[in-house]
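A, B, C and D label the chains in the order they appear, each numbered from 1.
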Amino acid sequence: MERLQKDAPSNWSKWGEEDQVGALNYLSEESVLTGLKAVSKGRTFTLQIPMTSGSGPVFPGRIPTQHFMAQDASVYSAGKAEALAGGVKFSDDAAFMYLQGTTHVDSLAHAWYGDQVYGGKSDQTTVHGHSHADVAALGEKGIVGRAVLLDVGRYQNKNAPYRLAPDTCISLRDLQDTAKAQKVKINKSDILVIRTGSIARFWEEEPDAEWDANTEPGLCYSTELVNWVDQMEIPMIAADNLAIEKVVQEIDGETVIIPLHGAFIRDLGVVLSEIYWLDDLAADSAEDGKYDFLLVAAPLKMEGGTGAPVNPVAIK
Amino acid sequence: MERLQKDAPSNWSKWGEEDQVGALNYLSEESVLTGLKAVSKGRTFTLQIPMTSGSGPVFPGRIPTQHFMAQDASVYSAGKAEALAGGVKFSDDAAFMYLQGTTHVDSLAHAWYGDQVYGGKSDQTTVHGHSHADVAALGEKGIVGRAVLLDVGRYQNKNAPYRLAPDTCISLRDLQDTAKAQKVKINKSDILVIRTGSIARFWEEEPDAEWDANTEPGLCYSTELVNWVDQMEIPMIAADNLAIEKVVQEIDGETVIIPLHGAFIRDLGVVLSEIYWLDDLAADSAEDGKYDFLLVAAPLKMEGGTGAPVNPVAIK
Amino acid sequence: MERLQKDAPSNWSKWGEEDQVGALNYLSEESVLTGLKAVSKGRTFTLQIPMTSGSGPVFPGRIPTQHFMAQDASVYSAGKAEALAGGVKFSDDAAFMYLQGTTHVDSLAHAWYGDQVYGGKSDQTTVHGHSHADVAALGEKGIVGRAVLLDVGRYQNKNAPYRLAPDTCISLRDLQDTAKAQKVKINKSDILVIRTGSIARFWEEEPDAEWDANTEPGLCYSTELVNWVDQMEIPMIAADNLAIEKVVQEIDGETVIIPLHGAFIRDLGVVLSEIYWLDDLAADSAEDGKYDFLLVAAPLKMEGGTGAPVNPVAIK
Amino acid sequence: MERLQKDAPSNWSKWGEEDQVGALNYLSEESVLTGLKAVSKGRTFTLQIPMTSGSGPVFPGRIPTQHFMAQDASVYSAGKAEALAGGVKFSDDAAFMYLQGTTHVDSLAHAWYGDQVYGGKSDQTTVHGHSHADVAALGEKGIVGRAVLLDVGRYQNKNAPYRLAPDTCISLRDLQDTAKAQKVKINKSDILVIRTGSIARFWEEEPDAEWDANTEPGLCYSTELVNWVDQMEIPMIAADNLAIEKVVQEIDGETVIIPLHGAFIRDLGVVLSEIYWLDDLAADSAEDGKYDFLLVAAPLKMEGGTGAPVNPVAIK
């Protein structure tokens, strides 16, 4: 990565030494107002995938969320608890989860290369809880602005369910061509929401199988892409796959794993947000031809966390 | 509760037998547009309290979120893992949490009386995962609309930090007087966000002590309040305490625990959303005199869940 | 099961209405002394399988134990914690686990048929924590006595690694023939430890695949077997597979799942203990020809638990 | 600690460079046979404290075990699951636990000083799972031998419930005097089980309060004690408190926290095992005057773990 990113842009000093939100700084009050202007009908879409106890597409090494009722009606019917004074009864629940095991936002210290994370801090700040650039900082800031859906899956595959084939690389040119075909303009400070169609495959094909994250279609690294994202001052990129980018890429004949995590998160402070559910929003956009919207996405304020679940809302 | 709510309003048949989102049905596309009109500056506030591993105000019986790094920079520096091909490294984390152990949204089957939950379904639907009216239904719908902050704490206590005393009952009249003093109009279908000042006490007074939920100030049950909420078609009530209402109440000389959970959630399908952080929003409103805003709050889509964390966003 | 077990033996009234340990009552102080007599060399074997974070043979629906360091040396080297006064440092850890996700003991209310568990209590006693016949009762009693290893795998398959083929049914006759070939006598009140060779297959064949519990070799239901176990006053049966018995069995042309769980646990109060590691003990026994030993196995005293991990110790 | 232990004994090279079980090496087959000779009646005692979901004496920073039923009879009675083919039903459960949150065995890399753990390995071996000296090594070995109960609580306090006062230091002399008064001889390679009476206080005094580990009575550091434990080749010391030793000690006018963890675990490889339930065993011993027994204690084989639960069995 050091060699790859040698002449690449960096935002480490741009927003002060202690900055923890990176390119989210591009999201000003004005950006919020710009985002609002993208709303016409008032139609909303929630973009988190379902959280199903014990099932879901997760990276190897993680497990799907485990959900347990700590209390429910059976404790009353089995005579193990009495209703509260006056008669109210209640249920309660708990969960064990990988914080990136569903739709989520990555913190800016989630991925790095060398021994420095975003902002130039030591990667030792990540040890047993991020003391710099945790996901709570992003949750505190909140992510609100104009977003553009780039339905690359539908643009490149005219047949339902409009998906990119496994292993497909998405280039900057693909993004731009898609935008052009969709007749939507990408403006400075816009949030990019990229639809590959990939995540829907999980439920349709083999719901109980381990999800093969490595072959998902996604962005591929190029100098042009990194520079463009920087120049366009993109605050966040979201997508309906596990890693935004193709996990395994070939660059100059060399295999590189998730290089854009190094370029975007560590060097530019661009926030990545993954595992979106975009099929409903995309179908609606295909129908009305409107591809921009207000995105509101505030991850949980998990202090020290490297990632946190989010249920993003698109308002058209 | 049966006696108390005998002549009280019910919305069980209003939106069909299979409805799971209750009064959120009042939030139409038009409501969304109405909510947008409440935005002027584009200023945002995120309303979740901090999620601090091992610490936080929770009801007795629950424990604060437990956060663990599954991987961080130390695995590389200790020589236990190698960077990915190309050099990228990453951290990963997991958590065990009570789903109502931070700012959250209650599902419509979270609380009930008798043996029926919202919609008239058997309370056995809650057993080991809500098969009716789970929180995922609310997460799927999303909560977007005009909200009004009612800063009862500041209205009744002119001294910083502008809090209601423990054990204070908030009546319908208190809400109305507060709105009047704030010069804000509560319209039909508005979301109510009630500030008591209570939750901030947790961090200031005894961060490690068990939080005494029972003495928190909150709404108190009255027929007038229940009827007004129904007639105003309030979709959701949020507050900066653990239960929206005062946990222990005296009604006609009898002690009743969380009766409004029965009246609002079970009978009216009004959504309750608890443990908000409102002090920053309230301070800003006190300064600019603007008490309405767009609220966007989409809880995690935990299938079968009775509650789910949320990081609500207020946009002024 | 009702029909199958119609004329089968039951121990429901044998040790009093409130009994929670069933056939463990056969393990008297005298049995302990008998067990001690089986020791000659003083050689010990621990019979739990390894608990590997994120990996292991578990029934579908369960997940392998998830292990996290809550603290380790990296918090000191990263400057995030100081040594205790005087200089001592320490590590700490936590785990999320299915209680039957490793070598474990089943409680006597773990499996049942009809609506009564062992002792004739309502199966509603299991709701949200066993109030009758929990695993803590077995953990409190402890399991100490003479045990006999029946290495059916080695008896029926003379080639290393001496395993039964998948889907093999083990009959009473197989047990008796094995004992005879091993020249070991099964006495009244002996604990039976049955080696199929199955569990070792998990690590050798496909460590990351989901374990196919359904095809494991194991005991198969027969009236003779149930009666013999009753007459021999067997307190506990352990084996190196997930269910002691073959999970899917054909009885009189009908498919029946884990019927011996109904016959042994519910009707006789015979304790089942599963997922043992027996290959080392068995190899040693094959060498010295000694197949009886003192078994000491005390599951964790999880109150309300239906099962609990155990690391059994065999002393020869 | 460096200064304190400057001339103190060390066992780092005694059992080879890769040794992970330390003083458990003293437990030979002969020791097992010696242990068996301590049995006379065949009476057993299980020494784990109860594991109660959500309650228990734990060090600050840990939480008591959280236990959940993943399935129980209510899923059948609520019509959410059908009995298995043939009619068998079952319950299932899971838990989140700190591995040292109940009666447990510490691994030999659990505590250290400087930057080396037991055996001279780098403390970086503890990072995200002990790669050296994990608790699984102790679970694999098993702990079986003659143990001596030293009921210091009863020796020093003749009144029920025979407890040491908070803050009491136990010296080598106290141990020896207790043994003498009990007329029991401590032999080489004996396991020491020290009763303070402390842990029982938790349930009697304030079951829901946070347990004050700092004031528990326990061993106090002295050169004589450390040397004696070394010369006596003690493999393991267990006690009914959270840390074996007094947590906060004054040595030469300086406050030192858990110094014996440094001396015993790190330097000598002596295993510590904590939070025992000894009141029943002690009462029995007070009655029959017999203070030695066979101890069998095999912690769970948690790979990489720094500690693991155990339900030790004493056989008299």
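Odds and ends about this structure:
What we mean here is this: a contact is a pair of C-beta atoms (placed from the backbone, for glycine too) under 8 Å apart; a residue touches a chain by one contact, two chains touch by 3 or more.
Since the model is a prediction, treat every value here as computed from it, not as a measurement.
More C-beta pairs in contact connect the chains of A-B than those of the other pair, out of B-D and A-B.
The rotation that brings the Cα trace of subunit A onto that of subunit D spans 180°, given to the nearest 5. Mostly identical positions are employed by subunit A and subunit C in their mutual contact, as over half of the interface residue numbers are shared between these two copies.
Remark: subunit B and subunit D have CA centroids separated by 44 Å (rounded to whole angstrom). Once the centre of each chain is set as its mean CA position, subunit A and subunit B turn out to be 25 Å apart. Counting only residues that touch two or more partner chains, subunit C has 61, 66, 69-70, 72-74, 77-78, 94, 96, 124-125, 127-129.
Within the complex formed with subunit C, the subunit A residues making contact are 54, 61, 63, 66, 69-72, 74-75, 77-80, 96, 124-125, 127-129, 131.
Contact residues on subunit D toward subunit C in their complex (touch as defined above): 1-2, 4, 28-33, 36, 39, 41-46, 48-53, 61-62, 65, 67, 69-70, 72-74, 76-77, 83-102, 109-115, 117, 122-130, 136, 139-142, 144, 251, 254-259, 261-262, 296, 298-307, 309-313, 315.
By the touch criterion given at the top, residues 66, 68-70, 72-74, 77-78, 94, 96 of subunit A touch subunit D in their complex.
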